[in-house]
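Two complexes are shown next, each including chain A; its partner changes from chain B in the first to chain C in the second.
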Partner chain A sequence: MNANRIFIGVLIGLAVVIAVVALVLLDTTGKKGSGLGKEYLYDVKDLAKIDPNLILYEESAQSLSTGFTDSHGIALDSQGSIYIAGDRAIRIFAQSGNLLDEIELTDAPRCLTVADDDKIYIGITNHVEVYGQQGKRLASWDSLGERAVLTSIAVSKSDVLVADAGNRIVLRYDITGRLINRIGAKDKERNIPGFVIPSPYFDLAVSRDGLLRVVNPGLRRIEAYTFDGDLEFWWGKFSSAVEGFCGCCNPVNFAILENESFVTCEKGLIRVKIYDPEGAFVCVVAGPEQLIEGGASRVSEFGAGSQTGGFDVAVDAQGRIFILDTINNVVRIFTKVKAGQ
Partner chain B sequence: MMRFDNIIIGMALSLILCGVTIGAERFPPPDFVETDHVIPSPTVPGPRQDIYEYIDAVVLLAALGLSSYLVLRRRSRRAIFVLMVFSLLYFGFWRKGCVCSVGAVQNIVLSIFDRDYTVPITVAVFFLLPLVFALFFGRVFCAAVCPLGAIQDLVLLRPISVPNWLESGLRLFAYVYLAAAVLFAATGSAFVICRYDPFVAFFRLSGNLNILIIGACLLVISVFIGRPYCRFICPYGVLLRQLSRLSKWRVTITPDECIQCRLCEDSCPFGAIKKPTTDWPTTEYSRSKKRLAILILLLPVLMFLCGWASSGLKTVTSRMHATVRLAERIYLEDTGKVEGTTDASLAFRATGKEQKELYADASNIRAEFKLGGWFFGGFVGLVIGLKLIAVSVWRKRTDYEAGRAGCLACGRCFQYCPKEHERLKKIKEARAKY
Partner chain C sequence: MSENKNDITRRHLLRDGLWGGCLAGLGGLAGFLVGKLKKTNTVWQIDPYTCIACGNCATYCVLEESAVKCVHAFAVCGYCKICFGFFGPEPVEINEGAENQLCPTGAITRTFVEEPYYEYTIDESLCNGCGKCVKGCNTFGNGALFLQVRHDRCLNCNECSIAAACPSGAFKRVPADEPYMLKEAGHS
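Entry: the complex of A and B
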């Protein structure tokens, strides 16, 4: 009988102690986190660490302040002048950083390119405007509709290629602004998957092989199209590792070097990397440690909602890489200092 | 006028938010062209239809009425048990323990102190109906309607008695809990009764692990000690106890007259049966009289001391409020006393709101806790004082009685009374006759 009472007493005492401990340890404000192990964490900081041996570039000049509060695109002309699209203007800088000229616009530009004849093609929300070097507007093409979000322009000899992220299509115009054809619409018969664009980043460029290169960011790859819209090949793979593209939609922007290698920019996990013409990973130009103040620890603060925080990139004939930091609105110039393996 | 201003500000904020929403929609969502996946249209689950809330109120009213009938007229433990199981299934597992009368206390308090908060009619009904029934019929809500009581009652298999001194001491916690719940609800800090509801995780078959552990521990204790939550913790039980003291009709152990057989003496697992008392010993009488006089004089002092102590704890108690916690965090971050940020501090900084404004808000809330602490402590002091006074008051009792406040009207004691057996026999005979 006594043993029974002792057993009940101990049991009740134990239950009271456990309940009190559970109550004390109860996290009502969530400050202790989920309590899950490290294997469940999406730790971007770890991913942001890059082997220093892979970084073959260094910043070679003082960064250039654009003076914009919201910059979007960068382009170089044949003389090496730097064109920046931001706020409601285009600013043209010498490589020394001196402001050469400014073209005021009626609306915010998202992208631009400078043709060999020095005409400036600017994507302003849903239409293209063409300017001369003196800042005179030469043409304003028809609007592509409310849904259009123009994010990239490239000019070849007689064609202007425009990336419309809103409509998920590439538009091919002649230089007078006449629409010739549309490229990249989903077409099973032509084996075209269509562009998957979760955020307003959709870049293109024309390579020296005469093919159009277009980022398909949702598929984390760069696709090669003929100007007639045939998909020839693609490269790029999804991976959180440095060799691949990660997140919902990367790369956000790219440029093509003289040797036809690709310089890619990724958002979220902000990295600028080099791939050879076949798409094999070559090296890193700069990672979060080099590109973000505070380094890897601040990676996750940027690009809220995946809608912002994409850097743009341009290259010159000497292989220097001009990165438009859209967070600080500065241009940073990187030069190769080490030979790759 | 103030209301009108609030409406204007609200409309302006809504318009700004609409602007943000339109801005966010500027870029169309992905269309997943490569997989033919169609993005489903976002659907917002509608609120529970009003009709069900009224049904809940009607079920509550019916359950309380039936419980009163079963406890006072039918005097059937079996029927009370069946109703209790129904209530557990309906209000507990089916309605997921919400709305519950216990937590409704906080809604009522908040509506008193926050004029922008309106109590839903169902919540008001859930709060008031059991109190009204307690005023007329005793704690019939606890008997067979409250799911929290029911789940404990079901596992009561090996009841042991709790000494009176311990019972009385532990019961104090319920008063403190009630006062704390009122303080936190009045300041808009938290609904602690809901937050620490030990059984809601069982009803919902999901919940915080710690709460599940606390609930499981309470159920283990409930195997031996009858309804520990109801007796020692339930803040709503405090209100029911006081109203039940005034009840017009209440549970009686015997249907007729007490024959002092003592068979019912140990029948109540909740220690609610009061034994007959002897006359007050003369020596004890004078000593108690002095003690009573001293205690009555000391009561205001005790209330003041408890109020002063509680008010002084405002720095600690006010941390229950999210704004105070955020202000403290921002201060620590700004002065470099902590590293890193929290989601809340990041979100605050993203609003662009000034720290001064936040500190002013936190300071106001702390002042509310200072004032509230006086009431909280004063109430606790009053309860302690009255409990001490009650010890010095001799209540004469000639029969075995179900305690007016403590009786949960479970009906267990009925079958221990020989008079009850006589009554049932008579009923049986009468039925056989007709």
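Entry: the complex of A and C
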């Protein structure tokens, strides 16, 4: 009888101890994590690391705060003034960071360029507006329709080239706004694959060789077109390694240096890199460790995905690289400090 | 000494007090009923713009198989050939080989549409709501993949154990007649 009582007592005691331990270990707050195995980890930290020997640039000035909450595009004029498109305005800064002027707009600008005659061409959602240096609007071109999302604009002598990500096409205008032709529509006979644009990033520029360079982000390459729309050649390859373009759609933006090399910006793994005129990888200007707080990529922090937050880039005649950080809405200036191999 | 009309007598006090008590009781009852009605007409859902795909949905649900599943907003999707919700960050090759896939349970199906576009669909019977694909899609793509509580499975517990363990406060009560919080094209 006594033995039974002792046995039952021990059982009850054990049950109480187990219950107490379970209660102590039970995590109802999620602080201990999901408990999922390592196969469930999404980790791109190793990809975000870049060999320091490949980074030939350093930040050479204090970053310039644009004061915008939603910045999109950067351009420089021939005097080196910095033009930023953001919110519902264009802000013009001296390289010292002083605000020189502001042009208020009726809608949000997405892209801009400053022509040799100092006229400012601005892509505003679905149409182009042209402004003089005093901030006076000189022209507002016809809308390209509801689907249009203008993401880049370039001026070359008498031509204005406009990238429309919504309609996946490049439009060539004369400087009065008259449409001349469309470039890049899918055409098997002309061996043109068509632009693949999963997210609203679609950049272009005119090179010194007289050819138009257009990013085909979904194919992760930069294509060269004549102004008449013939595809001449392309370069670029998919790779998460530093030499290639990573993710579903990159590069998001680019600029062309005086020596006709390319400066490219990628989203996802945020990297700014240099490629030579033939498209061979040269070096890194800045990687995630230099550009993102904490050095990590933007893993899953934004429900909007990578539809936002693509950095823009501009270059000056001295080869300095001006990166518009669209997350923090600041401009960061990088200068080459090491010679390449 | 004459009695002033405005003087409060014991009878007045009792009568007014009784009225006040009745009114307060009625108000309380109405509030309770409205609250209860409201509570029964709401369900749990995940705000996809607040969710950080931490993985807790896969393990904190009281059901053996989580009621949270990945869903795909086709209107937001880029139909990319190299989808980072489907492929790991460094795929060996761009094909459907298991070694190239991101999903640990193989719950995403990749179907060719036309060059270079592919469609991605979720097999809910395999998805455990871990959110790994959501991280890949948010990091590199448009964020078309996201987690939602599926109401054909959810028990709608008063105290949802996933909501209690959600580090970003993404779990919300939503009206039962609009039980999903879906992503739409153009939202940023």
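We take it that the second predicted complex is superposed on the first by the 291 of 341 C-alpha atoms of A that agree within 3 Å, B and C clash if a C-alpha of one lies under 4 Å from a C-alpha of the other, contacts with A are read in each partner's own complex, and residues count from 1 in each chain.
Please note the rule applied: a contact is a pair of C-beta atoms (placed from the backbone, for glycine too) under 8 Å apart; a residue touches a chain by one contact, two chains touch by 3 or more.
Since the model is a prediction, treat every value here as computed from it, not as a measurement.
S.K.: When the two structures are overlaid on chain A, which partner does A:Leu219 contact: first (chain B), second (chain C), both, or neither?
M.R.: both
S.K.: Quick check on the superposed pair: does A:Ile8 touch chain B, chain C, both, or neither? Answer first, second, both or neither.
M.R.: first
S.K.: Is A:Lys186 in contact with chain B, with chain C, with both, or with neither (first, second, both, neither)?
M.R.: The first partner, chain B, only.
S.K.: Report for A:Phe195: first if it touches chain B alone, second if chain C alone, otherwise both or neither.
M.R.: Only chain B is touched by A:Phe195; chain C is not.
S.K.: After superposing on the shared chain, does chain C or chain B touch more chain A residues?
M.R.: Result: the larger residue contact count on chain A belongs to C.
S.K.: Examine A:Ala165 and indicate which partner it touches, taking first as chain B and second as chain C; both and neither are also allowed.
M.R.: first
S.K.: Quick check for you: in the superposed arrangement, does A:Ile333 touch first (chain B), second (chain C), both or neither?
M.R.: Neither partner.
S.K.: Of the partners chain B and chain C, which touch A:Thr28 in the superposed model: first, second, both, neither?
M.R.: Both partners, chain B and chain C.
S.K.: For A:Arg147 in the superposed arrangement: first (chain B), second (chain C), both or neither?
M.R.: first
S.K.: For A:Ser240, using the defined touch cut-off, is the partner it touches chain B, chain C, both, or neither? Pick first, second, both or neither.
M.R.: A:Ser240 sits against chain C, while chain B stays out of touch.
S.K.: Same chain A residues contacting chain B and chain C, which ones?
M.R.: 27-29, 31, 193, 196-199, 218-219, 301, 305, 307
S.K.: Across the complex, what residues on chain C touch chain A?
M.R.: 47-56, 58-60, 76-84, 89-90, 94, 102, 104, 116-117, 130-132, 134-144, 146, 161, 164-167, 183, 187-188
S.K.: Taking the touch rule as given, give the residues of chain A at its contact with chain B in the complex, in rising order.
M.R.: Those residues of chain A that touch chain B are 5, 8, 11-12, 15-16, 18-19, 22-23, 25-29, 31, 147, 149, 165-166, 168, 186, 193-200, 218-219, 301, 305, 307.
S.K.: Using the touch rule from the top, collect the residues of chain A that touch chain C in their complex.
M.R.: 27-31, 33-37, 39-44, 47, 193, 196-199, 218-219, 238, 240, 246-249, 267-268, 297-308
S.K.: Which of the residues in chain B come into contact with chain A in the complex?
M.R.: Those residues of chain B that touch chain A are 24, 26-34, 158, 160, 190, 195-196, 208, 210-211, 213-214, 217-218, 220-221, 224-225, 322, 325, 342, 346.
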